[in-house]
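In what follows, a single structure is set out as structure tokens and then discussed.
Residue numbering begins at 1 within each chain, and the chains themselves are lettered A, B, C, D, E and F in the order written.
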Amino acid sequence: MPRIVTFGEIMIRLQPCNHERFAQTNHLEFGFGGSAANVAVTLANYGIDTAYVTKIPTNTIGQCAVDSLRRYNVDTSLIVRGGNRMGICFSEKGFSWRDSFCIYDLAHSAIQEATTADFDWDNIFDGVDWFHFACLSPALSPNVGEICKEACLAARRKGAFISCDLNFRGMPWLRQQASETVLELCRYVNVCISNVEAANDVFGIKVEETHANDGRVNLESYKSVAYQMADRFGFEIVAITLQESHNTSEAALSALLYDVADDRYCFSPKYDFHIIDQLGSDDSFNGGLIYALLSGKSTQEAVKFAVANSVLKQSLE
Amino acid sequence: MPRIVTFGEIMIRLQPCNHERFAQTNHLEFGFGGSAANVAVTLANYGIDTAYVTKIPTNTIGQCAVDSLRRYNVDTSLIVRGGNRMGICFSEKGFSWRDSFCIYDLAHSAIQEATTADFDWDNIFDGVDWFHFACLSPALSPNVGEICKEACLAARRKGAFISCDLNFRGMPWLRQQASETVLELCRYVNVCISNVEAANDVFGIKVEETHANDGRVNLESYKSVAYQMADRFGFEIVAITLQESHNTSEAALSALLYDVADDRYCFSPKYDFHIIDQLGSDDSFNGGLIYALLSGKSTQEAVKFAVANSVLKQSLE
Amino acid sequence: MPRIVTFGEIMIRLQPCNHERFAQTNHLEFGFGGSAANVAVTLANYGIDTAYVTKIPTNTIGQCAVDSLRRYNVDTSLIVRGGNRMGICFSEKGFSWRDSFCIYDLAHSAIQEATTADFDWDNIFDGVDWFHFACLSPALSPNVGEICKEACLAARRKGAFISCDLNFRGMPWLRQQASETVLELCRYVNVCISNVEAANDVFGIKVEETHANDGRVNLESYKSVAYQMADRFGFEIVAITLQESHNTSEAALSALLYDVADDRYCFSPKYDFHIIDQLGSDDSFNGGLIYALLSGKSTQEAVKFAVANSVLKQSLE
Amino acid sequence: MPRIVTFGEIMIRLQPCNHERFAQTNHLEFGFGGSAANVAVTLANYGIDTAYVTKIPTNTIGQCAVDSLRRYNVDTSLIVRGGNRMGICFSEKGFSWRDSFCIYDLAHSAIQEATTADFDWDNIFDGVDWFHFACLSPALSPNVGEICKEACLAARRKGAFISCDLNFRGMPWLRQQASETVLELCRYVNVCISNVEAANDVFGIKVEETHANDGRVNLESYKSVAYQMADRFGFEIVAITLQESHNTSEAALSALLYDVADDRYCFSPKYDFHIIDQLGSDDSFNGGLIYALLSGKSTQEAVKFAVANSVLKQSLE
Amino acid sequence: MPRIVTFGEIMIRLQPCNHERFAQTNHLEFGFGGSAANVAVTLANYGIDTAYVTKIPTNTIGQCAVDSLRRYNVDTSLIVRGGNRMGICFSEKGFSWRDSFCIYDLAHSAIQEATTADFDWDNIFDGVDWFHFACLSPALSPNVGEICKEACLAARRKGAFISCDLNFRGMPWLRQQASETVLELCRYVNVCISNVEAANDVFGIKVEETHANDGRVNLESYKSVAYQMADRFGFEIVAITLQESHNTSEAALSALLYDVADDRYCFSPKYDFHIIDQLGSDDSFNGGLIYALLSGKSTQEAVKFAVANSVLKQSLE
Amino acid sequence: MPRIVTFGEIMIRLQPCNHERFAQTNHLEFGFGGSAANVAVTLANYGIDTAYVTKIPTNTIGQCAVDSLRRYNVDTSLIVRGGNRMGICFSEKGFSWRDSFCIYDLAHSAIQEATTADFDWDNIFDGVDWFHFACLSPALSPNVGEICKEACLAARRKGAFISCDLNFRGMPWLRQQASETVLELCRYVNVCISNVEAANDVFGIKVEETHANDGRVNLESYKSVAYQMADRFGFEIVAITLQESHNTSEAALSALLYDVADDRYCFSPKYDFHIIDQLGSDDSFNGGLIYALLSGKSTQEAVKFAVANSVLKQSLE
């Protein structure tokens, strides 16, 4: 069985119940999440041997975060314990014309104040086949950028395949300020998952008209973006997601996977769906894609599986 | 006022709140339901004098089941008390592309281990105008099949009209294994409520194309199914429901009623609707149909009333 | 900063959670609302200096009502305390084809048994720019009608602009019985907010066909209603809302604002939306309209802002 | 099996969860209660054929009240439906040194505005062995006093035994103002349940020192009160409860039963206990006493059973 | 680090919230528990490498049970998956004079219908230092008795220490019917945890007066019970717990540990405490005792630690 | 009416419901609290004109904090808005032998990163009679220490009386590290509220035996502590609280007030009580004491009132 390691920040997630707003409630749902942690849970759910690496404080709240991952069979034995606090995401679900939003309180979290000395990557990557991280964390903190770079180097040494999420959907403002760190990390990445907005903002890749005159999606423009990304950074696979939000409660999702070796562009079907919670939709795409590729599905099947996985995730509380 | 008796299994129903999954929650909604019990509640709500007959353990949980029926004015004085356990249905509501499902834990329930000695049907049917049962319970357990047969014979003796639900929607796998018991019971039934899938699986009635080339429903094929069923078993009324599930949250419902005496086929309008909970949709169709027929509505009005009743039920938590 | 006073009845609002019915639940949501109170909260949320005037008992429940307003920065210092009880609204939210409904228990509330001696309007209107009231309360009780009339006279003396909500959506039966009191109060009103049904029932204004043969809204008929109302009562601004309920969960809203001085008819865009809770949709239209007008938006912008505000409100729990 | 009828007011009961205060919460527990209704539920729980008589509005909320009684097997078929509203009790549970309290909103309830024409007592008392009512309702409203008097006369005619609760614990202020109506009703009562405070306030019965110098209860003084009450009104049984509240969460309960025919004074043991909810403690004493007497227990056993029943009731949510 | 294996039945636990009764509620707390599973969680919480062995169905509910253990770091990789259902415990918490109770629905559970072929004990006990089981499960089902016997034999072969809980507190009626199976298993046990009632009922060990004339506990009688048990079965350690329930909410706990090798009787201090939930009190005693002995505490310290652990457990929801 | 200003840190308070632990729950109670904010709410509840001063971020969560204070009639118009985050207190309530605890995540909160430039104290203290602050915040952060010193100087200039809470009960470890900042601030304080532990740790005041040989409290030792504090810092009033925790659920509270001008030592009665939540017990003592002194009660009455207020507070959720 293949073994995967994912790395990134895990946050406390606090959220009003149902469709309530913070201003109306005195009870919050209490959970934990983060891009790489969500990917780890997805993969463990599919039966993959998955370890999640991060730094979490030793207090009761930190222990709850570890328990929440262990419950879903994620290997938590490599998590470094220490630091002062966990980052927090206060998220409010919108409805219909009312937008969802998140207030992030991430500064000074254990992982953002961690140093490269905290992680022994050569040991971590023993027997590991795949390494996944998201670019939000390295973009947020130089420390995490450094740690990530060391991780990529070690992964390469150990022969692990590397995938990276460049969507930046949770914090779109990071697209501008993140480019240097991110560009350097891209050099080590085999599978890059992104969207058109990030390709433009982070890499300066100009997109041709994404919609034709008749309002239909211009497939060629997506192919061009994927090609340019692969061409510039040497990615082996580029996946471009296209989520169209009709409103806060309804959306459609499709994706393009560009398989460089075969020079093949695979478009998934487009799914229309109702949304319970959009948070983590990219992570479930990533997890689905990695699982599909690891388990030997074709690239065409893989991109469909990844989209379906994300659609199902958005129908969960 | 007419008096009705319904017979069948009542289960404990355990269900996560809202759209949560079992894997996410540590609180469950705690209620009771079952095809014939639901029909009884519907009829009592419409003011019909309705008794529900089953066997329920004498413990606190069994008493809660009785209380839950009494609350809605169902006559519970004929329920036999005894046996070891109640069956349980763990049900999880889906959303959008995510399916709903039920896990049944029914074996060894009080009613499935009951014997014909438990029920004095001649006494039960004193002054009763209508007897209703669903075929799930007799299909699940030979004991219940025997009890049901005795009930039908007594009902005939006492001059009660007999209706039966043959949809098997909750447990479609029973359609194959249930046929013998069911076929025998059908001989006593006046009003049979079914759908095309059950007609095919249980009775081997072949259905012509249900949809024409243009995607519209082929009404003639439904009429043919109803006709064959009536022809074969001597039913006086056959009702065929047609629920089209667009996805877990949206559906359309219509129905056909075939009135044999008048050789008249009555189609209801088709209602498009959003779903909160689909469980029990057939039971509310049945209850609505029986109420409509008992209260003197025409067969055309009755099938519309039954469909509307089912649509409203699916908008309830 | 402008200062507004709103006047009317505030009720205890008791409502089952989510989509439950009263018959299913033993827990209720406990809040407070009322047309003029809701308008006050909307305006205070937008930063307007807003006082709400009513009469509320001195007991713990009354204090909770005051606290609930103060929380949203409404000036509650002018509320008269006394009387025996608060009115109550038991409201049940429908879904899809199932209707929402309210059971009102308002008789003998503190405000309905208040007298003109309870309110020193000249003092209340010191430095006040705008006075708003809804016609439900004066239509329900002669006492409130008298108090309202004194308020209008004082507002005029003090130079405050007067707006009034004539929708009667919550209690449509009042449209017939309310006319005399209401007609008299209209003489003092500058901005009148209504709909076609109320215009017909209260004022006897005949409406031409509101929909053309092709099913599209006949804009001229709305313009005609607005014109007749302004012509008859001397309103400076008439706003006509048009909420089309597709079903309990989905609707569309648009509105017409007739600016008499400019003889200008401004139509808002039409918004299609999903509904969480429709209660208070008129109040949020009113609050949005008043805020927009007070903050110097054009009448065209104002009617759009008011509609958007109402649409957003209906997406809240 | 004996048949009992109880009569009185049933209220909506609204209460914050756990130990929250109204000022802290936006969710309330929603239930129904009232002295005579609670006695009916107690008796039905013990298997006695019990009907509850009152007047309840025809709306959804009124139906919920009826359902809540039917659930516990109380015969609700004699309840008169009509009137405008139900009375409401807002109750807040205290803890330790913090007191519990109720805010009553009872005026103009259906039963308080009922007339003697609403009840056909001779019909109601057909085959009835025992009639129970509490004096709160007749003391609150002259209408109810008149109805109660007619009920007592009919009960006498039909040979039913009559019991009455004169504790007035929920509304002690009524003790003063209630005397005339109450005194007249007492002439028909066989079993009177009261306490020392009510005996003093309502009947002017002077109590000797209830506690001796050493702090222990002076049993003779209780015997004297019971004797005087029986002597003056011709009661056959007088029960005097003695609840000592150490604080809101802890209390002790004992009682004296004076059996006039045997001239026997029976003291129950004293139970020390923790309290979850004190509301209804008298009603459970009454229900327990009536059940014990009806089922042939000795007066000594009966008073112990009644006290134990009340103690258990106070350990329920 | 030592490694422990525990074996037994895990049940679904369904319980009303707070102090509600089943008859009052439509929401239940949903969890999992069982004697040996609880011991495993306690040990894993203290950092011991602990595996729990049982048989659990493959459905969603069974997966939730596995997740709930994994969350607390119990090794679940040895759990056999299969069978038809999980046993269920409906438990209601009492208060003050109101008793707690459980309704068990255990028959035909996966583990009770398991066979010896399901478990490869020699493999399971590789590297294991301690094996713990409770006698409830083997007493309930001959299958489990057989499985347990094979486990004990394998544990002996592999050199694992064996402890066993003989309290039978949850199902006292089993003490009578369980003796044969249990007596045979006792031959393999090193550490036996029991109480005086079980010693009497299961082993027929007569207890001298446990309380002296002055009401104080007679320590000699407890020492005698422990001595007789050790003498008869060759236990190395016997622990006797003594929980005195003042009422449902208050109790005291102490224990005696008899260390046979040193012929030493160690009494713990007695703790008085308030109870939130008594279920599992023996399991936490067992877990605490095993942990203390494994981590090198003296027998005197160990019995105190075990009692304190049980007292703390009973203060948890 | 007197006007009070209180100053300090307000935190988000997140707490499991009832007696659950963080490890068990996925729902938290969401509120706000802080020593000086709690004092402000107490005083506003008693009808005092009270403003609370602090710095709070401009985001939605910060707005909720402001709303929560405004709801209880605290003047929030002087609160400075800005900064990056609010401090958080994760608090878990214990029970019986299980301790309560708090995990603080306060670093980098808006108020701790505020500067003296944020507050215009001369303006804030216009017309203010009393200034209260707690020493936790200045002890935690040099910035707050500086701000507090400027506040005290301005209060003196404006003639406001100054009170200060030196209990440090929430964070006892601060007693050692806080001394310098605190000692300087003490020079400006008129009323100092403390306890024996803080007097020892912060000021090095040696306490004689607080308990006599017979276990009773040695009143003279408390008088000595109060005298030494007043003597050293020139306080006009010193209040010393004495909370005896029997266990997490039960405690006793009394207090001593030393009135320097009259050289009078006033001891309150001692109250035994059950605890729902101990957090904020000192704040309610402070608020009660300030209110009592402001409203003209004698010092003997004031200390009793303050103790009773704290006891009642601890009986609230």
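FYI, a residue touches a chain if its C-beta (ideal position, glycine included) is under 8 Å from a C-beta of that chain, and two chains touch if they have at least 3 such contacts.
Just so we're clear, the structure is a prediction, and the values are computed from it rather than from any experiment.
Residues touching across the chain D and chain E pair largely diverge in numbering: under half of the numbers involved belong to both copies.
More contacting C-beta pairs link the chains of D-F than the other of the two pairs B-D and D-F. Farthest chain from chain D, judged by C-alpha centroids: A.
Centres computed as Cα averages put chain A at a distance of 46 Å from chain B.
Chain centres here are Cα means. That of chain C falls 44 Å from that of chain F.
Chain F has residues 18, 24-26, 67 in contact with two or more other chains. Of all residues in chain A, only 18, 271, 273-276, 308, 311-312, 314-317 touch chain B in the complex they form. By the touch criterion stated above, chain E contacts chain D in their complex at residues 18-21, 24, 94-98, 247-249.
In the complex of the two chains, the chain F residues touching chain C come out as 67-68, 70-73. Note for the complex: chain B touches chain E at residues 14, 17, 22-23, 25-31, 59-61, 63-64, 67, 84-85, 88, 90, 92, 101, 103, 105, 107-108.
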